[in-house]
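Labels A, B and C are assigned to the chains in the order they are written; within every chain, residues are numbered from 1.
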Amino acid sequence: MIDHVQVLHLAAGVFLLTAVGVLWRRQLPAKIRLLVVQGLALAAMVGIIGVQRGDLALVLVAAGLAVLRAGVMPAVLRRALVPGAQERRETRPVVDVAASLLAAALLTLLAYALTRPLVALDPTPITAVLPVAVAVVLIGFFVLTTRRRALSQVVGFLLLDNGITATAFLATGGIPLVVEVGVSFDVLLIVLVLQMLTLRLRATVGTTDINELRELRD
Amino acid sequence: MNILGWGLTAAVALAGLGTLAALVAPERVRPMLAGAATAGVGGAGLAAGVAAVAGVGYHARLPWLLPLFGVELVLDPLGGLFVAVAGGVSLVAAVYGIGYAARGHGNQSRSTQAVLPLFVLTLLLVPAAGSVSTLLVTWELMALTSLVLVLTDHRARPRVTHAGLWYAVMTHLGFVAILAGLVAFAAAAGGDTFEALRAARLSPALAAVVFGAALVGFGSKAGLVPLHVWLPRAHPEAPSQVSAMLSAAMVNLGVYGVVRVGLDLLGGGPAGWWLVVLGLGAASALYGILHAAMASDLKRLLAYSTVENMGLVFLAVGVAGLFHAHGEERLAAVALAAGLLHVVNHAGFKTVLFLTAGSVLRATGGRDLNALGGLSRRMPVTTGLFAFGALGAMALPPGNGFVSEWLLLQSLVHPPAGTGVVTAVVLPLAVAVVALTAGLAMATFVKALGVGFFARPRSHVPERAVESPPLMLAAVGVAAAACAGLAVAPTALGPALSRVTGDTLDVAPAVVGGALTVRLAGIASTISPVLILVALVAAVALTALLAQVVARRPARRRDAPLWDCGAGPPTPRMQYTATSFAEPLQRVFADVLAPETTVDTQHASPYLLARMRYQRRLPDRIEYWLYRPVLVAVNALSRSARALANGSVHRYLAYGFFGSIALLVALVVIP
Amino acid sequence: MTDSLQDPVTAVVASLAQVAVVVLVAPLLVGLMRQVRARMEGRVGAGVWQPWRDLRKLFRRQPVTPVGTTWAFRAAPLLLVATALVVAATIPLLTTHTVLDRVADLFAVVGLLTLGTVVLALAALNTGTAFGGMGASREVTVLALVEPTILVAVFALSARVGSTNLGQLVDAALHDPLRVVSPASLLAAAALLVVTVAETGRLPVDNPATHLELTMLHEAMVLEYSGVDLGLVELAASMRLTLLLGLVASLFTPWGIATSLAGLPLALVAFTAKVAVLAAALAAAEVLLAKLRLFRVPELLAGSFVLALLAATTSFFLA
């Protein structure tokens, strides 16, 4: 019989690896695919917690998360991609890939150091996975900071949000449904707005490279 | 719930109703509804304040109203005095405002009329606050509502926007100072309510920091030099009834704050604090009246006079604190009573003055004294009321300003035996400062009354003036009657003042007195304002009688032209203007005032002038020496800080990222 | 040292006597000063009774109202005389227990005298002539600058007595003659003499005999008055001079002031003598002085302020 804990750890591992993968892969469609996988991993983690607690509401939340994070949002992002080979590729990021991966490792260590006192408060197998969630938060922030293309930054933002959601569920064992729904709607709205802005940006400026925007200041 | 509770509840209810009514009513009815509601709020406040001063206490907790801390209302005699003053002033000013708006005068926009009842409500709530959070919230509400009111005419005149900007910045800087000081105090005390703060034991350094922050924040609201620069800009530009409320009710709350924090919550402090307060008060008094003497804009003159009077009040409070620190409780009580009585008296005569200035503005459209004149024939009642207010402002008997000035001087001229060197030097200088401000105040108000109202119009501005509508005159008349009451029967306030000072300083009553004579505890001087008035009236009657008797023939007066040196009838341009009246004083004080003179000449030939242009400006020197360098430095700093925001989104994100990482690393490293 | 004067009826009688004496003596005092000046300048002089003759002439003239003036102009002389009468009933000249002694103290007396000047300045502005404005503007400048000296001198005098009521001040001086010659007292006396000169418009602050535009202060304010009004103004001016000189005499040479009803005649003689001596000395000094430029007057007043401040601080340190 497969142990809940083992499945949880597997999901957490996939969660972290997808985050690192977003840092590694250059192609935008690949990043979006990784985001889908990450959403499923997140949903799996939440579902396992729910099953372990016997909390049906939590399982339903997990299903909702799967739909939202693995389905709706990547679909919205894909719509922002215009067919054309150039646009699908991330240009040189501000920090190159090797350094990014190194940074990801350092951030994971930092996350582990940070959450040690938190884990010590309530040492269960579930909270032991907390460092992973915080690491994904930090990696998401890093992606947001160091990628040039607007869509990459949106991907980073979504990583950030996934990580925060995971932290919330792992640390507290669940946030009220109302809060989760509210946050999810917020994030959806943000993604929609950013998608429209990206399209508009491409139409007006010709590119979505953020650094080109410097020309706009007076 | 006792009368205080009912009073405050009524005030809140009326304010809410008034705001709603003003928002939905059509323009014709709007000022009446807003004015009536404001008058109701003022009246409720007056009743509540009077009851509080008479000894009725009130305490209410509303934990659900504000998040985290809740609202705590406590009305003790000290707060009650200020609530009563604010309520009375607002009542009169609101009724005046209703009269002002007749026939479409003034600005009746929705925002102004709706905010007016709320502003008066905040004036009542600030002294009733019983905890730090309540005080901060009501203070900020007061600042915001008064800002909206000051900006009423900003579409019509660009100066209003400028004045509003100064006011907004300075009041919020003051708020930050108050916030910092009081929050530090509450953190050290471990509690939010004033009782907790009273019981706290602070280290001397922290207490000094808290007091300094409170002095800066509350002092700037009261117009304490050098933080006064917003007052002469903002008070004149507001609508007239709002000017009266700002000058006669809102600035008092600065004094309330310093007395509450310094004498009540911190329990008095070392003498050094109060020497600073005294020094700043003296400087404000002198600086304010000097600029008032030079001002030719009537409302600006009155605003500077407010700076002067608040300076005198701070002088009194400083003396009270000084004596309290030396253990001379009797004298401290007298000095504090003098300061509080001056607050009440000032509210009275400043209301009269600002409202009559508003009448002049409404009737003539101008406030420049150099263009006015001849109003005593066209607006006799207004002139009489202004003269009455000016008598109070000049601190001459039998006016009401004289009594509080007398009380202040009494507290200064009876030093206890064995005082130190500092007191021996400070007290005579304080007396000298009070005397000089009294002298300059006389010059100022002789100028305002004589140049603005008497003789003939100096330009076409006052030619179409007519007397104000009866409602306005009635409102100002009520304020003048209050001043008269304070002038002849200051002993009626004696028990109230004794209760306030006794409550704040824990001493026996200070102002004792019969019905007619003002007597002080521990000081042998006495005075009887009502009998002075009676004696004066009797003497005038006697003189008139004797003059009639001595003149053999029944005297019938004959009219004759003025002495014109034989050159033809004097034109109105030959009269002394406000600027020329103040010129000798300006020359005497030229070092302090430092006027700027510009002379442009155009020569037709080496010996003959074709044209000459002379301009003299008298800017506020403190602005020039203190504020301009600060503004220049801030500008330079902001320009160099623009490099931080160069348009690169990555840089902004990097700021956030590295900031967060640094914080997290710090959390890990520092145990 | 009987207390019969504290009985209200006798206090009223004594105060009325005091007022009457002041009214009668005031023009005589001005006449005396003019006579002393005349003799010193080698002139015969008009005699000590000339001011009374002038007043009689003025009171019988038809009063004239300049065109354009209002009630303020006509009320000012009445109010001026009224303030002088109230002050005359307050300050201890013949007796230390005047009827208004507990009603008005030294600050109130100063305030009443200032009220008179302010009313006159307002009347001057009411006329709307350049002379009126000029006189008013200069007068209030001098008034503003003389206030600190007066009040600090009051401080110096009252600090050791514990009260600012004049009766108590003079009583204290009577009981302790040595206090009168203390440094504080002498400095305060000097300061108050300068104040008297400034307040009453004598040389070197103002020339009461001039009507030249550049040199007038008080005279410029009353230029438009004539008849009864002018008579009242002149009477008030002479009364103020008498009162201030009497105040200086009472505070610094209090001997002779009546403490019982029987002592009133002696007090009368003493008062007249003291005031006459002071007035003659003042007149003699005036002959030797020239009028100061208006913008030199603040220097004089600052000097008197320094004297008063020194008086106040020495009263602390030398007890």
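As a working rule, a contact is a pair of C-beta atoms (placed from the backbone, for glycine too) under 8 Å apart; a residue touches a chain by one contact, two chains touch by 3 or more.
What you see is a predicted model; the values in this text were computed from it and never measured.
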{"item": "Chain-level touch network, classified as line, ring, star, complete or other", "value": "line"}
{"item": "Furthest chain, CA centroid comparison against chain B", "value": "A"}
{"item": "Gap in Å, rounded to a whole number, between the CA centres of chain C and chain B", "value": "36"}
{"item": "Inter-centroid spacing, chain C versus chain A (mean Cα positions, whole Å)", "value": "93"}
{"item": "Averaged-CA centre spacing for the pair chain B and chain A, given as whole angstrom", "value": "59"}
{"item": "List of chain C residues in touch with chain B within their complex", "value": "59-60, 62-68, 70, 72, 78-79, 81-83, 85-86, 89, 100, 102-105, 107-108, 111-112, 114-115, 118, 121-122, 124-134, 136-138, 140-141, 143-152, 154-156, 158-159, 162-165, 168, 223-224, 227-228, 232, 294-295, 298, 305, 309, 312-313, 316-317"}
{"item": "Chain B contact footprint on chain A (complex, rising order)", "value": "94, 107, 110, 113-114, 138, 141-142, 144-146, 148, 153, 210-211, 213-214, 216-217"}
{"item": "Chain A partner contacts - residues on chain B that touch it in the complex", "value": "646-650, 653-654, 656-657, 660-661, 664-665, 667-668"}
{"item": "Sites on chain B touched by chain C in the complex", "value": "373, 376-377, 394-397, 402, 406, 409-410, 412-415, 419, 424-425, 427-429, 431-436, 438-440, 442-443, 446-447, 449-451, 454-456, 517, 523-528, 531-532, 535-536, 539-540, 542-544, 547, 550-553, 555-564, 570, 572, 574-576, 580-585, 587-588"}
